[in-house]
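As structure tokens, here come the structures.
Each of the two complexes below includes subunit A, the first together with subunit B, the second together with subunit C.
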Partner chain A sequence: MADVITRLDPTSRAAARGFSDMTIRNLFIIPTIVFLIVFNVFPLIYSLWTAFTDYRASTAAAANFVGLANFRELLSDPDIWRNFTITAKYVVITVTGQVIVGFGLAMLLNRKIPLKGLITTLLLLPMMLSPAVVGLFWKLLYDPSFGIINYFLGLGKFEWLAQPQMALWAVALVDIWMWSPFVMLLSLAGLSAVPKHLYEAAEIDRAGPFYTFFRITLPLVAPILMIAIIFRTMEAFKTFDHAYILSTQPTTELIAIRLYKMAFLEWQTGMSSAFAYIVLIVVVAITNIYVKYLNKAKAR
Partner chain B sequence: MAEVKTKGEVIVNRAAIVAVMLALVVMLTPILWITATAFKPRNLATTVPPTVMFEPTLSPFAKLFTKRSQLREPVEQEVYDAAPWWEQLVFDGGEQVVRNKKTGEATPSGFGGRYLNSLIVSIVSTVLAVSMGTITAYGFSRFRVPGEQDWLFFILSTRMLPPIVVAIPMFLMYRAVGLYDTHIGLIILYTAFNLSFAVWIMKGFIDEIPREYEEAALVDGYTRLQAFFKIVLPEALTGIAATAVFCFITAWNEYAFALMMTSRNAQTAPPYIPSQVGSGLSDWTVIASGTFLFLLPVAIFTFLLRNHLLRGMSFGAIRK
Partner chain C sequence: MQRRYFRLLASAAAIALSAPAAMAQELTIFWAEWDPANYLQELVNEYEAETGVVVTVETVPWQDFQTKAFTEFNAKGSAYDMIVGDSQWLGAASEGGHYVDLTEFFQANNLGEIMAPATVKYYAEYPANSQKYWAIPAEGDAVGWSYRKDWFEDPAEMEAFKAKYGYDLAVPQDWKHLIDIAEFFHRPDENRYGIAIYTDNSYDGLVMGVENALFSYGAELGDPNTYVVDGIINSDKAVEALEAYRKLYGFTPPGWSKTFFVENNQAITENLAAMSMNYFAFFPALVNPATNPNAANTGFFANPKGPYGDQYAALGGQGISIVSYSNNVEESYKFLEWFIQEDVQKRWAELGGYTAHAATLESAEFRNATPYNEAFFQTMFMVKDFWAVPEYAELLVAANQRWYPYIVGGEGTAKEALDALAADWTETFKKYGRLQ
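So, the complex of A and B:
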């Protein structure tokens, strides 16, 4: 019998008419679990099998079991390691940028400002938009001949996306533009939760602004900021949409883009399943850390 | 923050307001620019220096929805006057509508259908995810579930899976059962994706509803189901609405699954709009008008949702 908050009196009329609490609990929960298992876990089990084969979805040839060959080939392929390096660089650039811009904006907004609510909502707009479509219209902004970025910065015909050295930064800048508002949103929540009396006490003690910031503001916002950082790290690691649309250079080939090309353009189904599993292990590891912090924040 | 007192603090405060305004301009320029481009005549879209002041026209929107070809020479005044307003707009854009040779009917472009697909897939998957999510959240909120934390972690972890990792086996399975490039196929994927989110957010909302309400109802002779439908659901309505809007936006914006799991029939707008850049003459005003129509619902929803954004973006962990 499920241990519920209010047990129905088993002899009451209501108990006789309705389902038992345990039936309702099962009816409410099990379909969702089954649905997620069928459409998320089962496919992963299926691809675990294909990861050990040389299957190609573009041909009718049957899959041959090849053992660990796919994994061996992937892990010894310098190109794959290059994809990982690019992605790591991308994660560091975007998350750092987002924390600086997002936290900076939150510090600026954390005071009496006319129309603060409206301004905050407007600043949050970029993170709600479709990343693919955002990537598309940044293409217009980045255009070397008529893009407004070159015009306003006076850069002439600067090739943002076609220069191997610059392209990753250009793609990262779009990510920073989109997701700094997210860091700002969480930081604002953290800042508004700092008790005012701490600042008053600091003022009485004649603490300087730097001391106040590093000893009061930052430590108290840190837990929420950490959630933002881990979440963005995880998402940046998976980045596909806008990067795929903006990417023209091998230097911007993030893991997700490589994986997509391997699976759906080169049709190396078996190999890409193995690759997907390597990616999955990294994602699950970051997710674990993330959920730990989420629960910590909830407990507060 | 502490009340502004000294002269120095007044200056700091003013400087902060100026900085915020500057940031606002920088952050919004990309969105404003694509919006402006959507209303420009084609010859002003890619000028150097950029055209800021112009007479807005709806001709990019007329071109967006029709299949058309370049006008060789200006159209005759009589033909122009006899044409319906949307065709006149296409003429204004220097192009003509492609008509079926037999029936004489105008040929629509692919955009309308893709936009409709986006609506169908997003709405249906949202309804499914939110209704399943709400009852599951209630189950987790009110009853003791063995291994509750583990199940909740499992549910959240499905959300964190990279779409491409799921898409490879799903593609093979969908191809085998004929769900590739169907609305149902995409709806299932989006429902699964949003379901975990809906459970987490709705659990937060339902946790906040005092249990005493239901207990009172149960004492009054309601069954558990009646108490759920008549007491809990009405109380959770704001939460349900906010969750639904979040799910809708997620499905509406989704690109990777749509790119890999559809090609024509069920293709949604996000993979379609970028594919138009490379095809033939790339007309930025038309792409911008499609982008504008696609982003507009999300912008409106963001304003409706403004008080729930924090909660939604943190999976219900931070509630302010």
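So, the complex of A and C:
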């Protein structure tokens, strides 16, 4: 086997140029490794260093090592905790909404209906759009004067984005609209993989639709649904574009927005690096919890 | 064969490397994307015609202006030779070493006398009263007001207003009149609203709007010498000013929760509001019938005085600075020498730029040139600005965070919002060692 992999076809053009197997392998691998080191590994290590300094990228002053001061200041700042609370609320609302809507749509599409292909394609469109564009046109949809949402719901001049408590729901609704198709797509793949004979057996046993759903469908789709939840949780934690465009209410200031302001408006480079690492740790921790559940679901 | 190939390649490289030396001199000025930048491009085309030096005005949207500029500064990039930077950047850009010190140039050309005093103080000098200069006042600007003359001059409206408020409906003389008129014209059932103000808290929109109220109510941001803010930014006058701004928000059109210059001009062009706050730089669009169907009926006035007789306006506008990392510093100096000439400044004003050149500003020719120039002239002698310290952005973000929920969301009281801001700013000034 190893022979097959390492031996170069002597009649190939590469062999004629005198390239060895190792050279060809390196030609493919080295650029990727260099790219990863320059754009991923180096910034990661460099930002870890700046997280322990008072560095400000807007000044020429040298970075001074401040130990854990940035982390201490961030974790004792009530405004940062407020940002985390808002983000947690946002993640719960959006991911729950996306799972309900996405899985519901998948259930509807997992049966014989006319124009199924076209309907599926149309339903997938929102997740193919740029979040910035989505933010801009939902801003128009929410407009209290001419927005179509108020018109259809008969809400008059209701201010979706100006009301501090409603704004987060309005931003979350946009995320649900945009990313439910993603959950739908994965759920559809899971549903189509459920063996048909299980449903046939359940039918013979006169099992009701609820029993069939909770005992056959859900357990078998659960692992793939959990993958969708992991992806959406991580993405929802990082939400920036449409939330930033739609609302500047402090009640919709997600951690990514606060991080952006800290890093690129206030130029607190050291502090924002520390903040980014805190966010990273939180996301990794939550993902690990999900993965644990995913493994449990798979084992079942 | 291979040798010949390499020779050809080497020749091509040599030609490519030597080409810039043979090319015409080029300068790049960085600014935000708005009409004055287009006027500046027209002006610098004349410089090119005179000298052969190609000057390009490169722009980015306002939202990205600060980030792009400072990213380039941080990278010590030479992409821009000059920058028309915001007044509040002076501290950060000068202390960061990004701007060339123009003090000698300033003094040699007597610019302290030639340019309007407020523009020298806020666009060029840092630290305050240090007589160190980092920019040449380029685009003078401040926040003023436009209004619907036809609504104000309608006899039925005038009669109804007098009956309700006991005085004549006219251009507001003070903030009480401003609030009364906004309330009078606020008729949501008729799709007509009282006033359009700045509420966008993503950069300095909301803060500039609130400053108009603060300064005219006799309040201050803090002590610029000691950096003490507690008891100043949350003074009784400041509380009154913030309450007045909140009151005005109640008379804005629906959906006015994140509005800046574009929306505020639309308030006039689309018959939404009786009065609208905006930078003077955006008023040319309001007198142009192609962009404003109500151009003939649009009037302008300076920010009115407050209840205690103070009359100030928030400063906009920018100075032009030479970027320290430019490869064309000498050529940039030559350009600035040309730019400050009186005839060039007159031409700058003719094209639509707001000159800061005192003699041009004071001339009858300038003051009568447009319907808004007189208000602009009055305003430029009563302007005040935001903090220009290097950490201004943190102060700006804090102000946005504290004022916005009160003004737009109606959360808490003005006193609570200002007390919280005083605490935030005190902490920031302590953090940077300005306050013990």
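Going forward, the second predicted complex is superposed on the first by the 259 of 300 C-alpha atoms of A that agree within 3 Å, B and C clash if a C-alpha of one lies under 4 Å from a C-alpha of the other, contacts with A are read in each partner's own complex, and residues count from 1 in each chain.
Convention: a contact is a pair of C-beta atoms (placed from the backbone, for glycine too) under 8 Å apart; a residue touches a chain by one contact, two chains touch by 3 or more.
The structure displayed is predicted, hence computed values, not measured ones.
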{"item": "Partner chain in contact with A:210 - subunit B first, subunit C second, else both or neither", "value": "neither"}
{"item": "Contacts of A:162 with subunit B and subunit C, given as first, second, both or neither", "value": "second"}
{"item": "Subunit B versus subunit C as contact partner of A:145, first or second or both or neither", "value": "both"}
{"item": "Touched partner set for A:59, first subunit B, second subunit C, both or neither", "value": "second"}
{"item": "First, second, both or neither for A:264, with subunit B first and subunit C second", "value": "both"}
{"item": "Set of subunit A residues, in rising order, touched by both subunit B and subunit C", "value": "57, 143, 145, 264"}
{"item": "Complex contact set, residues of subunit A against subunit B", "value": "2-6, 8, 12-15, 17-19, 21-22, 24-25, 27-29, 31-33, 35-36, 39-41, 43-44, 46-47, 50, 57, 105, 108-114, 117, 119-141, 143, 145-146, 148, 151, 177, 181-182, 185-186, 189, 192, 196, 199-200, 203, 224, 227, 234, 238, 240-241, 245, 256, 259-260, 263-264, 269, 272-273, 276-277, 279-280, 283-284, 287, 290-291, 294-295, 297-298"}
{"item": "Touch list for subunit B against partner subunit A, complex", "value": "1-2, 4, 13, 16-17, 19-20, 23-24, 27-31, 33-34, 37, 46-50, 132-133, 135-136, 138-140, 142-145, 151, 153-158, 160-173, 175, 188-189, 191-192, 195-196, 199, 211, 214-215, 218, 221-226, 228, 249, 252-256, 260, 270-271, 273-274, 277, 284, 287-288, 291, 294-295, 298-299, 301-303, 306, 309-310, 313-315, 317-318, 320"}
{"item": "Parts of subunit C lying in touch with subunit A, wherever the complex brings them together", "value": "66-67, 70-71, 73-74, 92, 95-97, 188, 191, 200-203, 253-258, 390-391, 393-394, 396-397, 400-401, 404-405, 408-409, 411"}
{"item": "Residues on subunit A engaged by subunit C in the complex (per definition of touch)", "value": "57-60, 79, 143-145, 147, 157, 159, 161-164, 244, 247-251, 261, 264-268"}
